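Below: one structure in structure tokens.
Each chain carries a letter (A, B, C and D) given by its place in the written order, and its residues are counted from 1.
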Amino acid sequence: MARRYLPVAAFAGLIVAIQLATFFTGTAYHLTQLTMTAYYSLVTVGLCMLIGYAGQISLGHAGFFAIGGYVTAFLTTCNLKLHPGVLVSVLEKSGLLVARSDAYGGSLLTVHPWPACGVAILLAVVIAYLVGGPVLKLKGHYLAMATLGFGIIVYRMVLGTEFLGSADGISDVPGFPLLSGMLITGNSSARVSNYYLAWGLVILGMVLLLNLIHSRVGRALAAVHGAEDAAGAMGIPTARYKLNTFVLSAVFAALAGVLLTHYNGGIGPSEAGVMKSVRYVAIVAIGGMANLWGALSMSLVLNYLSLRGYFGTYDDAVFGVILILIMLFAPDGLLRRHILSDLKRAVSRNPAEEEAS
Amino acid sequence: MNGRKGMVLAVLMAIFLSGTFAQAAEPIKIGAILSVTGPASFLGGPEARTLEMLVAETNKKGGVMGRQVQLIIKDSGASPEKAFSFAKQLIDEDKVFAIIGPSTSGESMKIKSVAEEGKTILMSCAAAEAIVNPVAKYVFKTPQSDKDAILKIFQQMKKMKITKIGVLSSNTGFGGAGKGQIEKLAPQHGITIVANEVYDKAASDLTAEVTKIKAANVQAIVNWSIEPAQAIVIKNARQIGLKIPIFQSHGFGNIKYVEAAGEAAEGVLFPAGRLLVADVLPKKDPQRELLLRYKKDYMSFCSGEECSTFGGHAYDAYIILLKGIETAKSTDKEAVRTAIENLKGVVGTGGIFNFSPTDHNGLGIDAFEMLTVKKGKFAIL
Amino acid sequence: MTLLSVRGISKRFGGLQAVSDLSFDVAAGSIKALIGPNGAGKTTIFNLISGFLPPDCGEIVFGGAEIHGMSSCEVAARGMVRTFQHIRLFPKMTVLENIMVGRHIHSRAGFLAGMLNLPFTWGEERRIREKSFEIMELLGIGAHAGTEAISLAYGQQRVVEVGRALACEPKLLLLDEPAAGLNMRETNEMGRLISRIREMGVTVLLVEHDMSLVMKISDEVVVVSYGEKIAEDRPLAIQKNREVIRVYLGDDA
Amino acid sequence: MLGGMTAVTLSRFVPLPLAILAAVVITTIVGAIIEIVFIRWLHKPSVLRMVIITIGLSILIRETALHIWGESVRALPYFTGTSVSSINLAGVYISSQILWVVGIGALVVAALGAFFNLTMLGRQMRACSANRDAARLCGIDAGNMVTLSFMVSAAIGALGGCIICPITYVQYDSGTPLAIKGFTVAILGGLGNSTAAVGAGMILGILESFSIWVLPTAYKEAISIAILLIILFVKPSGIFGSAEAARLKEF
């Protein structure tokens, strides 16, 4: 048990250390990108669960992210004052709606972020079940292409749908009020609280996934991944377990989509793009496929660098190159479990060689 | 404990002081968020090159108010989330004086509130009306409004006695905004829309769409897009034997589309700024000199590449900023912002800018000229 | 009492009639062997019974319920567990973990309980672990608990696979060539193990090539050739059956 | 995309047919180099690995093209006639370039068919796809066959890019959507069946064109993907392929 949670504590320490470091060096602006990184990391660890532990690739997870983001963005910006009706008044009485004014003085009546988030997650779950059922029956490149196809369909839908803003996406999404009066928003004043909130969520997600991996279900998933027919013969409902993991990772993606959309104050079709999905897979691949901590740390580094624009106009190319190199030279990922022993071996060998020479 | 606190204070003081001391000699930082790559690279590419050219020019002349200009270009790849991240970074971290861009309306809309919050001037290079309406204190835009372009087209239609039109638009922000404005303005000008089609911005064949329009028996086609698809529209329309006038948006202002469409482009009508027809403008036109200079400079800077109106938007954004600094005689963001808001008669590539607190675009219908294509070249109608 | 009853099942692959109109019963508490020359369709029969393949026609009744058309995991949940001709241990998992997977159908912590690490799962995990150790001790592989299963010697891998199946506490254990690839000593041990499993109250149906093993441990033998049953009898009688001898040794015999 | 771009660049210096030929040759070489550098030396790569490598490569090629050719749109001139000239076939207007596309497409299919059925090399390649190990035992160098198949498909892709780009233009990112559509058509027709692929391509094109009468045009691209998904769910062997053939190609 301690072994499972020790890294979690260490990671939490790292998060606090980073914040303190930015505070004392007066570079708190780094926290903005780090917060965004946290939400992307949520997608990554969910996907890592699916790829690494259930052994199913998905090249369409940006689709789930976009479903979450777009649903909440649409519901919290669509001015229901313009569409009065029985349904609207019923919703208003039930407290699901909120009247607010936008930044330029116009008054709006929109869905409250909490129910919007609920709807977004629910929709992602339903779609994941509907898509996952038939898709997960496929294998190899058929599975890859089918999930890719799903991602492209979502991309095309948001791009072609007028009420989702077409190519412009949706702007002016309000902050997400939490119970304690905290607000998920990109405003600089709420930077520190949002940073902790986002990473707190990631840590919570990690704890949940680590628990799952070490549970009966995690063992069953590993069995399915290792030898599917034998797992079936042991009474493990392989199809259902794969589907559940797919849905679980879709929920992670959708939740990240919801929260990042509130943080950024908007969402655009680029979040649903194929490149985004490929990027998530690339990060999981470098992290070592079945290695949640690897995926998390690579996500932290790469997303942060990308969001700060370090890769310039080579942003997509960088991820393409990473994918190729990893798949060519280290298909098990850079951060695989025995890297420490590899290092030890290398270290212990070197002095011996030096002595010999 | 006290000692440690004191040390922290001292460090912070040092950082603060070094900041103020350095101010005098430090360059003016101007950030630019442009989609140099990605689906809107045809906007961001020329914009980035134009800015690089202008900044090099300014610095060669000794800078502005004795200070050099430092340009920080961030490639957003047309992703709003990156634009958001970069805007935060430029404002909070680089503490830029102003941001030029983003290239697309979607991105501009998303960082409108970031610029407001960060009290930093944003000179958007995107066209959507919503960027400056409602007016945000710090947000300006340089491209002409869709509305004025459409009004210009409708004026022309009145002259040609056209009342029944078919509308095509791409599914981008530009296309959607144009379509919305056409639908809104057409009834006021006695024009009926009998066919209305939206196509994908990456479409490579639009025969089906133009066939549908042909079936609706219209007197003219209006196509609203900025993508290569606009060349495909005219080609497909002519191929199915449709001979009615075709109007394009000001997004047609790139000679490459004329080249791509070849003979089909002949006779296409579209409103545009005067940049495209600079060499045939009358001598007394106030924009002529600036336009010719931009064309020449851009071509020599980019080794032979023709300039486009998109680069012009960045050009205008930059010269308006400089004008603002010169007028305000300071680099105080607030003072410059007020100065820009009251600028009148600034000659740019897109027209003559007259800003006011309620108009952060500053261009009117006279910014447009009705153009056509004659023998593979743009010409004034 | 009959535990498993196979009634007239057939299976066709394209132009090949792999199994045709096959019927036999397995009595509770017995060891039954399924033998036949290579390509007789023995593994296909196993696949049909254990739900890996649906039969084209016919019925399979297990413990009083019709199970044909059920998936392999449903069949397993009803208490029929199989092993594989080519060992299918779970890679990257220790012997202990492999056997713990066998306890799957006797535990119930799902996705939510697992993620939340609910208290009831702690006791459940402990019981899974205890039971798994018990089985490993029984099979004499307790010392390898922490070893990666597929790094063991071949013979031990077979034992682990049987152990994993036993962890399911099956009513009926299907063993697909349990002695394949084992040496003489290991084969004898496997024979003793199978007899012991029967003594524990588990019914066994096995496919095996090693005739001495089959004749030593089975109560009854079914002989198939080209997908058809040609004999079903006690081992001694089978050894004297002319048809069986003809099938195995050719027409000249 | 690569073929089209190269042809456009070359057509400034040499006559059109020569430029296209050179573009096809160059792309073929690039295809071979990619196979040799990235695929050949991998020892029994898993399909997942191959798929991910291919996706990575497509991104890399696209980004390289962006940095070589920039973001602008290019086009080749029409082979015959101009962009407005069209041929009236029983009241239907068809651009002459369409006839070129159809004609060359038919030629390529015929040539492929002949190659696979009549030449030794073609038969060897089919043997490799059916059973790599068995083919190797028969003395066929499977590695060379894979390189060759990469070259052939690269050449055909480049040729396709050249003949279609006067109509659709070519840009640095015009390859990816075509690749997905190509995969859809290949699956639809059953992998490894070029005649059926042509039929499948026509069906897909017709469905897409008609879809705009029912659905908003912007969803047109999604249609082909949706069809791909449905085919994968219902009959992964393709509508023209047999289940037996598909099982042979199971990975």
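The definition used in the following text is that a residue touches a chain if its C-beta (ideal position, glycine included) is under 8 Å from a C-beta of that chain, and two chains touch if they have at least 3 such contacts.
Bear in mind the structure is a predicted one, so any value in this text is a computation, not a measurement.
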{"item": "Label of the chain whose CA centroid is most distant from the centroid of subunit D", "value": "C"}
{"item": "Intercentroid distance (Cα basis), subunit C paired with subunit A, Å", "value": "43"}
{"item": "Inter-centroid spacing, subunit D versus subunit C (mean Cα positions, whole Å)", "value": "49"}
{"item": "Centre distance in Å when subunit B and subunit D are each reduced to the mean of their C-alpha atoms", "value": "37"}
{"item": "CA centroid of subunit A to CA centroid of subunit B, Å", "value": "34"}
{"item": "Multi-chain contact residues (two or more partners), subunit B", "value": "36-37, 39, 171, 198, 200"}
{"item": "Touching two or more other chains - residues of subunit A", "value": "156, 159-160, 166, 313, 316"}
{"item": "Residue numbers of subunit C (touch at least two other chains)", "value": "none"}
{"item": "Complete list of chain pairs which touch one another", "value": "A-B, A-C, A-D, B-D"}
{"item": "For the subunit A and subunit C complex, residues of the former touching the latter", "value": "208-209, 211-212, 215-220, 222-223, 226-227, 229-238, 244, 248"}
{"item": "Touching residues (chain side subunit C, partner subunit A) in the complex", "value": "50, 52, 71-73, 76-77, 81-84, 88-93, 97, 100-102, 104-105, 107, 109-111, 113-117, 121, 124-125, 128, 164-165, 168"}
{"item": "Complex contacts: residues of subunit A adjacent to subunit B", "value": "24, 26-30, 32-33, 36, 103-106, 156, 159-160, 162, 165-169, 171-172, 186-188, 260, 264-271, 307-309, 312-313, 315-316"}
{"item": "Residues of subunit A touching subunit D in the complex", "value": "57, 59, 134-135, 137-142, 144-146, 148-150, 152-153, 156-157, 159-161, 166, 274-275, 278, 281-282, 285, 313-314, 316-317, 319-324, 327-328, 331"}
{"item": "In the complex with subunit A, residue positions of subunit B that touch it", "value": "8, 11-12, 15, 36-39, 74-75, 77-82, 84-86, 88-89, 92-93, 104-107, 109-110, 112-114, 116-118, 128, 134-136, 171-176, 198, 200-201"}
